Amino acid sequence: MTESPASTGLHPDPVEIPGAVVERIFEPTRPEEVGRIVREAANKGDGLLVFGGRTRLHQANPAREIRFGLCLRGLSGIDEFEPEEGVLHVAAGTRIREVREAVHAEGWALPLDPPGPSSTVGGTIASAAVGPRAQSFGRVADAILGLDLVGGDGVASRCGGRVVKNVTGYDLAKLYCGSFGTLGIVTGAWLRLHPKSAVRRVFVTQPGPGLVEFDRHRRWAGLASVSALVWREDPEAGSRQVTIELAGSEEGVRHDHAWLSDRAELVEVEPDEMDRIRDERAAKGPGPLALRVRVLGTECGAMVQRLLDSGLAVSVDPGPGTIHARGRLAHPEALLAIRESARESGGLAVFERLPDTWRRELDVFGLESGHAALHASLKARFDPGGILNPGRFEAGGDRDGV
Amino acid sequence: MTIVASPTPPTALIDRLVGIVGPAHCLFREGELFAYECDGLTLAPRTPLAVVLPATTEEVARIVRACRDFDRSFVPRGAGTGLSGGAHATEDSVLIECSRMNRVLEIDPGNRLAVVQPGVVNAELSQAVAHLGLFYAPDPSSQQACTIGGNIAENSGGPHTLKYGTTTNHILALEMVLPDGRIERFGNRVGEGPGFDWVGAIVGSEGTLGIVTEACVRLTPIPEGVETLLAIFDDVVAACRAVGRVIRSGVVPAAMEIVDRRTIEAVEASVYAAGLPKSAGAVLIVELDGNPVCLDGEIRLIHEACRREGCQAIERARNDEERTRFWRARKGAFGAMGRLAPDLYVHDAVVPRVHLPAILEKICEICDRYRLKLANVFHAGDGNLHPNICFDKRDPDELERVMKAGAEILEACVAVGGVISGEHGIGVEKRDYMHLVFDDSDLECMTRLRQTFNPDAACNPGKMIPTPRFCVEANPRARGYDAVPIG
Amino acid sequence: MASDAGGIPEREGVGSGLREGLRAAIYSKTLDCVHCGLCLQSCPTYRVTGRETASPRGRIYLMRGFAEGRLQDPELLVEEAFACLGCRACETACPSGVRYGEMLERTRAVVRSEEKDASLSTKIERFALREIVPRPRRLGILVGLLRWVQALRLDRLSTLLPRGLRDRVALAPRVPPRRERRRMPLLTPAEGVRRGRVALFEGCVMPELFGRVNDAARLVLSRAGYEVIVPRNQGCCGALHAHSGEIGFARELALRNVRAFTGELGQLDAIIVTSAGCSASMREAESWIGESGGVLADGVRDVLDFLDDARPGLPLRPIPKRVCYDDACHLVHAQGVAAGPRRLLQAIPELVLVSHRNPEACCGAAGIYNLTRPEMSRAVLQPKIDALIEAGPDLVATANPGCAMQLSAGLAARHSEIGVVHPIELLEEATRPVTA
């Protein structure tokens, strides 16, 4: 045994997460090594923190009994890319940016759009992170054709495949996606690509205040060539702006641009403006709080107003009904009230950044107590030793697991 | 196969079931059970112990609890149009038929969603929301008869899934009766619940995790413009290459379907004749939809792709009548083939699209070698093949050849990176071929999911995961399906 | 063909005569069904019960299974064979072209011929079909009686009857006054430019209860340039009997009509029928009376289908009404006629053709099904009435007398003002000369 966890030295760049600082970190370069490390950890019952680009490490519940870090950045690269087919196989630690550029060169687009320039494929899958283009790209799971995994017992397995249509067995990829690495470690993925748009143009416009105005823009988000529409508003700065990205064929973009120009004053900006807005969502501040709220489209305007009234700044994707809010609130109860209201509006609220003092009281995800038994049973079967990201994706006893 | 005598019907269980649903909705006479011995897959029929037709979620839960009390398994069933035997019962299981749970409970046009019971018919949901300019996008070929509940179980696809995705992309939330009789809700109306994506795992689970009793589904705006093209090629290889070119061109058609020469001959000789020329070696149907201003440009790209592969002719439907005529070549295939022999085996496999031409040649070679009547119609855009084999299951020799050829076809597809089902599911039909695609550790992960919901396999036993794995669970209730019995 | 049952192992026991009969009559046809289930939702009895056994696929499976000896007890098969409405919507839905209607009729015939002790209701049904329906004088007396009952409002006394009987009484149509029941002239000359010559088939119930429909057809045809003859020795078409398994008697009736229409057929463009049930059955005469049925099969045309083809181009007067066209099963499913009647109605100025849900679904009349199985019939009828009331037309037009009676009764029960007519009545009104 050449790589026992005990033999690992201190990592030059330790990871700080809510509840722990992890200094001993493995950085395997082959999937088989991941299996070996996990088996070893499982035998000893050592908790592992699994991570990639470190973009969303703060977006989970505090870790419990974590001994080692497992960094997947070493598993990197596009192993197979079939431009004829529009599918590729990529190692989990590969940066999204890298994949995006590689497929662009062949006329394809990667339908993964997570905030943060250092996001990796594995991290994006584990956190199911989407960006403003979710309305045209869909969910992360929609891009996944198949996954390579290492389970909590260190055994490698596969699910799905490389073809674009597949009902051969359970759709396990759906479970792994967004489970924050607690059911298995994604080491590689088959992804399906979208055709790259012939034209991409981005415009900003200054909307008026109020619900009516917001709903107007929500409807615009439904235009065929609108790939993303973001409404940003900061009550403290008194600023309000809408950014619209049009992408598609020349005719389609021209048509929608003309239609929009008749209804609003559009100012064209740099074509990568939407990427900037997206990555801004992964950056820290302003304020100690960041939350993501999802509600039904028809409820979105009212929720935005509520958040603004609380003094939070918002960055909203009205199409899918996603609101990113930041700032500060006086009490944790105010957050719980927002979550309750989001639930009543058909959705959910995830507390992506919290002041450390609030973490003990709040569950980042708002996991449903009704599913606690199923959740625990599934986790126990996929990770019998409970070593994969322990505590990170479960509601603790002292949190609001309602 | 010898006919296995049903165990003596447990009258106490029947009495309890009758008490739950009423005498009119609990069937147990010989003829009644006989008619329920199979779904769309007529191979491997098995007679259930009883058939119950509940009307509410509560009734389903009570039926499940009754079955548990009497230590019997239970199998959910929609319209019984599935082609992999997913709704086949065993001799000691109760079939829970959802056909009476057929109400659309709510339509929310503002958020483009509907809440339906599982027995709502796919096409009728689209009809019910058409006046709002919406439709339910997944369109399996059986959409006029199949139910949303069955679609959820099988993660059904259809010709238009190329652009719109399969059932899993259109289900937001579910209510399900768990195999222990509890009623649980999963997901929410925005399609993103907190915690694991249970909905994603349940869709396509072939009724082995529980019985879906309500679904919140996404509705899609009816596209403003539709264009249908029909291109005629000398052979199927050229048609497949044209599909590759279309994919490479960046156009995402709503559907791309190929009909091969053997199918064209069968269709043209039948009442479904679409007026295709004798010289047609393959027909490619391309449907485009969306903003009308974009369609002309896309049509040009399709023309270009087809011309480069030497297509004989390409037609554009000028009206709905012509569109129907184009589709007749595709949709009439099943019926036209069905008339050629008493039984029709509709296969289902997927390969990477670049391998389509080679795999089609291989499939023809296999069927010729086994002296079987074969025709191919397929969702070319997805690489989803449907080799149709005509046969007579009363002829044991022919049946054996059909099964052998089927196995070889699956092996050939897997060898080029494909899978053994694109939309029909595994059920009992392909359960024993799962090893072609997945090894033991892959199947072990699937078993873990099933055990989470259905630890003793009381709900829909014997489906999807092959037998050895099944025995591992050491469940006496899980008897049956040792191998797919034939005949 | 001696027997259809190639390769079935012999099996003795219950209902062996029935089994033999089915093997010979339908077994090979059952094999056409590939069990895809696309027919299910088109089946009215499946929609009401949700049961596989009450669906076309299930019924065929029972027929096949019993013939093969895999199903032992014929009880359910017999039950289901007669619980079917025979609307044949499944044939429209079937991708494999399975001829369900034919299988059903043959199965019923085999069952009837094997029946030792018929039930009382079967006996009554058989008596009515044999002794009243095809005999104009007896039918006339009965209808006359009904007219008196209605005139004296004695039908209100039906509230005293038990539910089942009361519902059947409610189905009885308003009997038209005697002048509408008089016989039509033997020959009506063509008006204007003569385009041809047709024979008009009167039917059994039609002249008694829907004489105005036959007369409307006669007038429209004549205005369209056709000389119309009404052969005297014609009679009931036998459809109801064939549907009920009384195939022998049905054959006698059909042969009588073959004789009645043969003499003149040489000079005829068509034999025009105003009842979809009759026209469907007569067009399929070859399947039950053999080659001699060709006379009817080739000659018979439903009046609406014929007029749509003929396109006489008559001047049309406006009829400012909202009309729903409800497809008669035996026109749309048995004959594939759906667009023609709508085209004819749409051509009438100011007439608004209103669409309603599932116009091609069965109304539950199904010959005498509404009398023999009133509960199922009512359950099938309800969604139809709901759809019509929702659409809210002034009139619903349907091309079959049984359907017209059923719809009238259903609408009346819901106190609806919607009237029921035969499309040809509207065409007659629209083509009426201005001076008339």
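Here the chain labels run A, B and C in written order, and each chain numbers its own residues starting at 1.
In this section, a contact is a pair of C-beta atoms (placed from the backbone, for glycine too) under 8 Å apart; a residue touches a chain by one contact, two chains touch by 3 or more.
This is a predicted model, so every value here is computed, not measured.
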Exercise for review: Answer with line, ring, star, complete or other to describe the graph linking chains that touch.
Suggested key: line
Revision key, fill the gap. By C-beta contact count, A-B versus B-C, the higher one is A-B
Practice item. Would you kindly say which chain has the C-alpha centre located farthest from the C-alpha centre of chain A? Key: C
Study note, to complete from the structure: Chain centre (avg CA) closest to assembly CA average -> B
Check your understanding: With chain centres defined as C-alpha means, what is the inter-centre distance between chain A and chain C in Å?
Key -> 63
Review point. So how far apart, in whole Å, are chain B and chain C when each is placed at the average of its C-alpha atoms?
Key: 37
Practice item. For chain A and chain B, let me know how many angstrom lie between their CA-based centres, rounded off. Key: 32
Point to revise | Multi-partner residues of chain B (each touching 2 or more other chains) | key: none
Check your understanding: What residues of chain B sit close enough to touch chain A in their complex?
Key -> 110-112, 154-155, 157, 161, 165-166, 168-169, 184-186, 188-201, 203-205, 221, 244, 247-252, 290-291, 293-294, 296-298, 350-354, 379, 382-384, 417-426, 430, 434, 437-439, 441-446, 448-453, 464-465
Point to revise | Residues of chain B touching chain C in the complex | key: 3, 24-25, 27, 29-32, 34-36, 38-40, 42, 51, 53, 79-81, 97, 99-100, 102, 119, 121, 123-124, 142, 144-146, 270-271, 331-332, 334-335, 338-339, 342-344, 394
Study note, to complete from the structure: Given the complex, residues on chain C that touch chain B span 7, 31-32, 34-42, 46, 49-53, 58, 61-62, 65, 70-77, 80, 93-97
Check your understanding: Which chain A residues qualify as touching chain B in the complex?
Key -> 82-87, 107, 128, 138-139, 141-142, 149, 151, 155-159, 161-172, 174-175, 177-179, 183-184, 194-196, 198, 222, 224-225, 248-252, 254-255, 294-298, 320-321, 343, 346-348, 350, 365-368, 370-371, 374-375, 377-378, 381-382, 393
